[in-house]
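You will see two complexes here that share chain A, one where it goes with chain B and one where it goes with chain C.
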Partner chain A sequence: MGRFWSLLFLLVPVLGVAVFVFAVVPGGVFDNHWLPEDISQHGKVIDDLFMFILYLTGVIFIVTGALMFWFCWKYDAEKNPEPVKFTHGSHTLEIVWSILPAAILLFIAIFQMDAWAENKMVYPIKDGKKKPPLALVTGRQFEWRIQYAGPDETIGTEDDLHVVNDLHVPVNDEVVLRVQSQDVLHSFFLPNVRIKHDLVPGMQQHVWFQTKKTGLYDIVCAELCGWGHYKMRGRLIVESEEDFEAWYANAVQEQTRTSHNVESDN
Partner chain B sequence: MNTSSAVSQGHGHGDGMTVSHFISTYVFSKDHKMIGLQFLFTTLLWFIVGGLLALGIRWQLAYPWSDMPIIGGRLFSAEGGQISPEFYTTLFTMHATVMIFFVIIPILAGAFGNYLIPLMIGADDMAFPTLNMLSYWFMWPAFICIGISFLTPPYGAGGGWTSYPPLSAVRAAAPGSQMAQTWWLMGVTLVGISSMMGSVNYMTTIIQMRAPGLSMFRLPLTIWSMFITAVLQAFALPVLTAGGVMQILDRMLGTGFFVPEGLIVNNADMITGGGQPLLWQHLFWFYSHPAVYIMILPAMGMVSDILSCFARKPIFGYKPMVYSISGIAGLGFIVWGHHMFVSGMNPMLGMTFMVSTMMIALPSAVKVFNWLGTIWGGKIEFTTPMLFSLSFVSMFVIGGLSGIFMAATPVDIFIHDTYYIVAHFHYVLFCGTAMAVMGAIYFWFPKMFGRAMNETAGKWHFFLTFLFMNGTFYLMHILGAVGFPRRLADPYHYETFKHLLPMNRFITWCAIGMVVSQIIFAVNFFYSIFKGQKVGRNPWRCNSIEWFCPSPPVGHGNFDAQPIVYRGPYEYGSPEVDTDHYPQTQPPPDGVKSSEEVH
Partner chain C sequence: MASLLFACMFVLTGCNSEPASFQINEAYIRAVEYKADVTKPQLISEQTVTLSEAQKKNVSEILEGLFGTPDEPRLPGGVGLDNLLSLRKLRVAAGPVTYTGEENSDSGLESGLYRRHCGHCHGVSGDGHGPTAEFLNPYPRDYRMGQFKFKLTDGDGAYKKPSKADFRHLLQEGIAGTAMPSFRVLPEPEREAIIDYVIYLSIRGQMERGLIDEAYSAASDPNELPDNPEKILVRFGEVVAGDDLQFVKGLLTPIVLPWATNDGTGTVQRTIEKAPEEWDSDESVELGRKLFYQSKANCYSCHGRTAIGDGQTNLFDNWTLEHLGNEPGDASGSGEDGVSAGIPDYFYRGHLAQIGVVKPRNIKPRNLRIGNYRGGRRPIDIYQRITGGIEGSPMPSNTKLTKAEAWSLVAYVLSLPYEPASRPKTAPVFQGVGSSK
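After this line comes the complex of A and B, so read on.
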């Protein structure tokens, strides 16, 4: 039976690698079962880092899995005539397999620091000043309230443009968003932009990104926010500069018209 | 050794079955073995509950909003047999709570810690038998609290097992944040108190009550890991207890430790405020990250012992193993922030936690290499406990490596709170710890009941569990790579995740297969208690001290002769003796001093 069990353990690296290969390679049974389309400028760094760690851990996974199989196969008590190697360990080996992984892990740690800083620490600068947010995104059970500055170009005043769940952004432009929550924790997750940031009530935070492709994408809430968490879905609408301006002008006009109607009704 | 002899009166088996005798032997017993078995049986019962809750989650993810077969009509008559979205939140909350607080932690520390520590160090009981009994009976108020939580609409707490405020602290925030949440918090806090009592006992017992000759560096790794686990519990748990009490106060008295100003929840202004939701996350993870190691270290220890025994070869690198357990425990206290990379915590701090998190992978890697070194050059006997232990190593490699993805902060931005993390911790906790626990049950069952479990059934149980659990959890890595978020009742209305339904169906059927395979185990377990093959003291030809006493150990006091220890527990295949094992308690042949001097 030792042979059978060794082969069962061999299945782990064989099938384990196969599943990932099927997922990474386009087409086939697992088509589209991999990192979703990346439409951001910074996303490539994250995806490359993901793949780098995947290859690195993949090698360790295959080597340990193969050793496990080989030892089970070779040292099966039923088949192995040799006496047990009576040893309590090896000082040299311990040092080698401590220092080697330590170096690799430290390398990964330092290697990724820039990408992290770019994403979360280096606030975009425009004309020597902090770039003002394009919009204020407020998470609320269970919707995204989005607020653009009105004609006075300041967010938080009466003429603000209010939109629910649809976030329009211009393509190829560095977008800064101010994010906050009105009630409980939410997480602002743009899978295609490789952005995720928790919205914490009581805290004013900023996220920034730059897109490179127009289209319609999902905004996902990624932090449990109550019974309707699953349906807190928004849409990210990436448009050309002109389309964005046109939409904005139109939406402001529409909002002014309807609010005047409301006032005159009173 | 003599501290506990005073309490052993009235525990012998000869003095007639009166009611009070029954109660003192089987209910309010102070005998560590009985307490260990009480923990074992209770946690295995909760294991069933937790598994069924998981099937509820899987059903919804495979067949969203469709009638649940058989039980749906009874459970959710108002929804026409469907799982409601609020009940879905309680399903995953209670699944995690039950599995972590009522199964994994108490089965490792409570069941195996209690049963094995005195036996493996050659003591007749724990240092504080009454405290030991209390640590079990403090679980019952916790069970009752969680039970009430289950009976309070919407039938369980719904804030996730992490119970993040304000969702959990503000009653208006969710249906599951009503009284169910308060009962949940009290239950979890009580479990913590029970564990603290246990940990004080374990530390004292291991330091004070070792048999003559049993130095710290002659302890089996099981005991080392239990010792370090007890230290972790003693230092980390008070923080969770404090946090739990603070959240209860927030809910009951409106203290606002975790609730900021200016909240508008369900269109109602919250009057209280002045708190910080992130404070809870820090307090919670300051305990719950070390708790991750509380949930894996004892498993690692037991696996080390089982691997060495069935490879018939000394453990490879005993001292490096001890140092890496200690290293994991030490580093384990300074990595909690990696749960909060995208939480809004200072990103600079995130970088610090990233480095410490990367470094904690090192001792885990050292342990894996040493396990491989242990089976290298041995004479491997593929018994059921050995198969489970080998699979622990194989699966722990997957769980350990996937952790590196999450530790890399930029990657974590994408995979945080997706199925990637779900895959990761199930590989560590289920495919790792639960497999080790299964192996340990098969391994120490003969000592507990004097009878062995059936090997053929055991191997079938292993084979099916191994296949189905990989079918269940491995593909979750792929789901995570697509960004599939956890805790969503219906992720398929997002364009990005629509096409993942077939894969989820496959996972669900594997999960059902996995649960069904456990029936083999349950039948084998109960059958073998009464009808299993009788065994002697040392059926596995193992070295450590617990095999020196009768199976099951005699009454209250364990040993029929005082164990005296001559060597470490891993002298398999020693050239000093003709047998392939060399028990710790066996005096050396004339002319040979001690095996310690040989290596």
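After this line comes the complex of A and C, so read on.
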């Protein structure tokens, strides 16, 4: 019976690795469970970082899993009738397994600095000045209210365009968004653009990204924000410059409608 | 081990809950029984006659015969509903929540839409008393009164039922400033099914109120034959369908007519003629400002002198008015916040919560300076609120203003959030009304 348990423990590294392999390989039950399509220009940095850490932790995971299995197997009580001897431990070993993880953590911290800086600290510059945000995205229970800055590039003026849940952005353009929460903690998450930013009530923050492909993508809330958290879905609509302009003009026209006729409007 | 066994039993048996059922409108029954005078809640009469359990059951039976159950909706025939609502759509919206991939055989859509997206606030019966309702401000709408706020059908001083286009717009945009979110990511056929179901729940709720009124007047009629001790409205046999009964038809037809209108396809939105050329000019805004403080428009009396919504704060909407003062215990009059004093919170949590009455709150006039418009921010939306009013709320429809004057008010209201006083850099200095300019 003793070796049954060591085999059972062997399942941990085996199944752990299998889950990842199945998720990556297309088709099958776990299809579509790997990273969502990346349509951003900077996303590769994030994905590479993710993969690097995955490989690093993956190797350590497999080695520790295999070692633990091996010890279980080798020192099974039934096969080893001799009682264990007490040892005071190994000073050298302890130093090694303290310093090694610390060094790895330190390495990751330094290795990722560029990615972090590029995504969160190097604010986009246009004509020598900070690029004004295209829109203000306000998370509230349970929707995304979006306020485009309009031609004057200032949020909170009369030419602002107000929409809900649909964020249109021009493709290839560097988009800056001001993000905030109206009520509780939310997290503004664009999975396909590799942007995730926690929204703290009272704080105004900015996110920026550059897309490279048109299409319809998700906006989701990545912070449990209440009973309707699952409802907080929006759409990121990446479109060509002309389509964006056309949509914008159309939306402004709708927002400033001063006549209503069911017959001709619908 | 015992817990493992228990877990296995749970997995095997599943959680077979009772099928959902419509709850009878106990809140309205109570309101009828206590004959609350909504204008003077402190002068209510004592309860005289109560409805018996048999009568309540009878009302529920008639309703079930007409409208079916939350899992199996029915549409009463012969009353002009056929063109307005589609049973196929109702079936998609009704029923228990199914999991992704399970499709309704008729439509290819998932069923259980209402309970998935709406029920937790608006309740299975459409009573606005779902599990999350009491945490929200404002409370979710109770459809059963058949009154709706934001629609483009009202005009000429009369409230009309919302059209399907109104529901469509509302589901698209959500209601800013409330817990009603936008549902624009739902596929259009799903939204259409939900719209039909909401209208169905509303008509059903109105019919329920009609039947309760009838049952109550039968119960309180002294000439009623003594051999009818339970005073049942109609016996509901297995052979007789609900829509075969003249009595039931007679009640239902006038309820359906305003929804379906004569051609049976529902109300249509009104036409708003194009605003005058200079409607948003500075002069027009200035005229709007004057009108705001004049008795002709009388905006300031509720929205306040500075338009921050503090003109009056002790009115109620129709849904709350009905439940005010319908308990002998709360005849003590209004408290400081306008809510009946002497009713402790626990009263609303325990006793009244069970019959679907939430703690009354005042309806606050909108703060016009924050730029948050529940019924929409398009100029036509504001124009409609001013000229058509907001049904169920103290916001009246104004028929005294000329079109040009109404548009000036629209321009003024839309300019308010951008006035310096609305976004002060330093402390604002408010001038007395009339003393400035």
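One rule holds in what follows: the second predicted complex is superposed on the first by the 247 of 266 C-alpha atoms of A that agree within 3 Å, B and C clash if a C-alpha of one lies under 4 Å from a C-alpha of the other, contacts with A are read in each partner's own complex, and residues count from 1 in each chain.
In this section, contacts are C-beta pairs under 8 Å (C-beta built on N, C-alpha and C of every residue); 3 or more make two chains touch, one makes a residue touch a chain.
Nothing here was measured: the structure is a model prediction, and the numbers come from that model.
Q: Give one of first, second, both or neither to describe whether A:R233 is in contact with chain B, with chain C, with both, or with none.
A: Touch partners of A:R233: chain B and chain C.
Q: Figure out whether A:Q141 sits in contact with chain B (first) or chain C (second), or with both, or with neither.
A: Both chain B and chain C are touched by A:Q141.
Q: With both complexes overlaid on chain A, does A:V164 touch chain B (first), chain C (second), both or neither?
A: In the superposed model, A:V164 contacts chain C only, not chain B.
Q: What is the contact status of A:G215 with respect to chain B (first) and chain C (second): first, second, both, or neither?
A: Neither chain B nor chain C is touched by A:G215.
Q: Please tell me which partner, chain B or chain C, touches more residues of chain A.
A: Comparing touch counts on chain A for chain B and chain C gives B.
Q: Using the touch definition from the top, say if A:Q112 reaches chain B (first), chain C (second), both or neither.
A: A:Q112 contacts chain B only, not chain C.
Q: Looking at the overlay, what does A:L49 touch: chain B (first), chain C (second), both, or neither?
A: Only chain B is touched by A:L49; chain C is not.
Q: By the touch definition at the top of the document, which applies to A:T256: first (chain B), second (chain C), both, or neither?
A: In the superposition, A:T256 touches chain C alone.
Q: On the A-aligned overlay, A:N32 touches which partner chain: chain B = first, chain C = second, or both, or neither?
A: A:N32 contacts chain B only, not chain C.
Q: Classify the contacts of A:P132 with the two partner chains as first (chain B alone), second (chain C alone), both, or neither.
A: neither
Q: Looking at chain A, which of its residues have contacts with both chain B and chain C?
A: 141, 227-228, 231, 233
Q: Help me check something: in the complex, which residues belonging to chain A touch chain B?
A: Within the complex, chain A contacts chain B at residues 1-2, 5, 8-9, 12, 15-16, 19-20, 23, 30, 32-36, 45-46, 49-50, 53-54, 56-57, 60-61, 64-65, 67-68, 71-72, 75-77, 80, 82-90, 93-94, 97-98, 101-102, 105-106, 108-109, 112-113, 115-117, 119-121, 141, 182-185, 187, 189, 191-192, 194-203, 205, 216-218, 220, 222-231, 233.
Q: Please name which positions on chain B make contact with chain A in the complex.
A: The touching residues are 84-86, 88-89, 154, 158-160, 164-167, 170, 173-176, 260-266, 273, 275-278, 311-320, 342-344, 347-348, 350-351, 354-355, 358-359, 361-362, 365-366, 368-370, 372-373, 375-382, 387, 390-391, 393-395, 397-398, 401-402, 404-405, 408-411, 413-418, 459, 463, 466, 470, 474-475, 477-478, 481-483, 485, 487-491, 493-496, 499-500, 503, 570, 572-575, 580, 599.
Q: Can you list the chain C residues touching chain A in their complex?
A: 117, 120, 132, 152, 165, 173-174, 176, 179, 181-182, 184-185, 268-275, 279, 377-380, 383, 407, 414-415, 418, 423
Q: Considering only the defined contacts, which chain A positions touch chain C in the complex?
A: Against chain C, chain A makes touches at 141-143, 145, 156-158, 162, 164-166, 227-228, 231-235, 254-263, 266.
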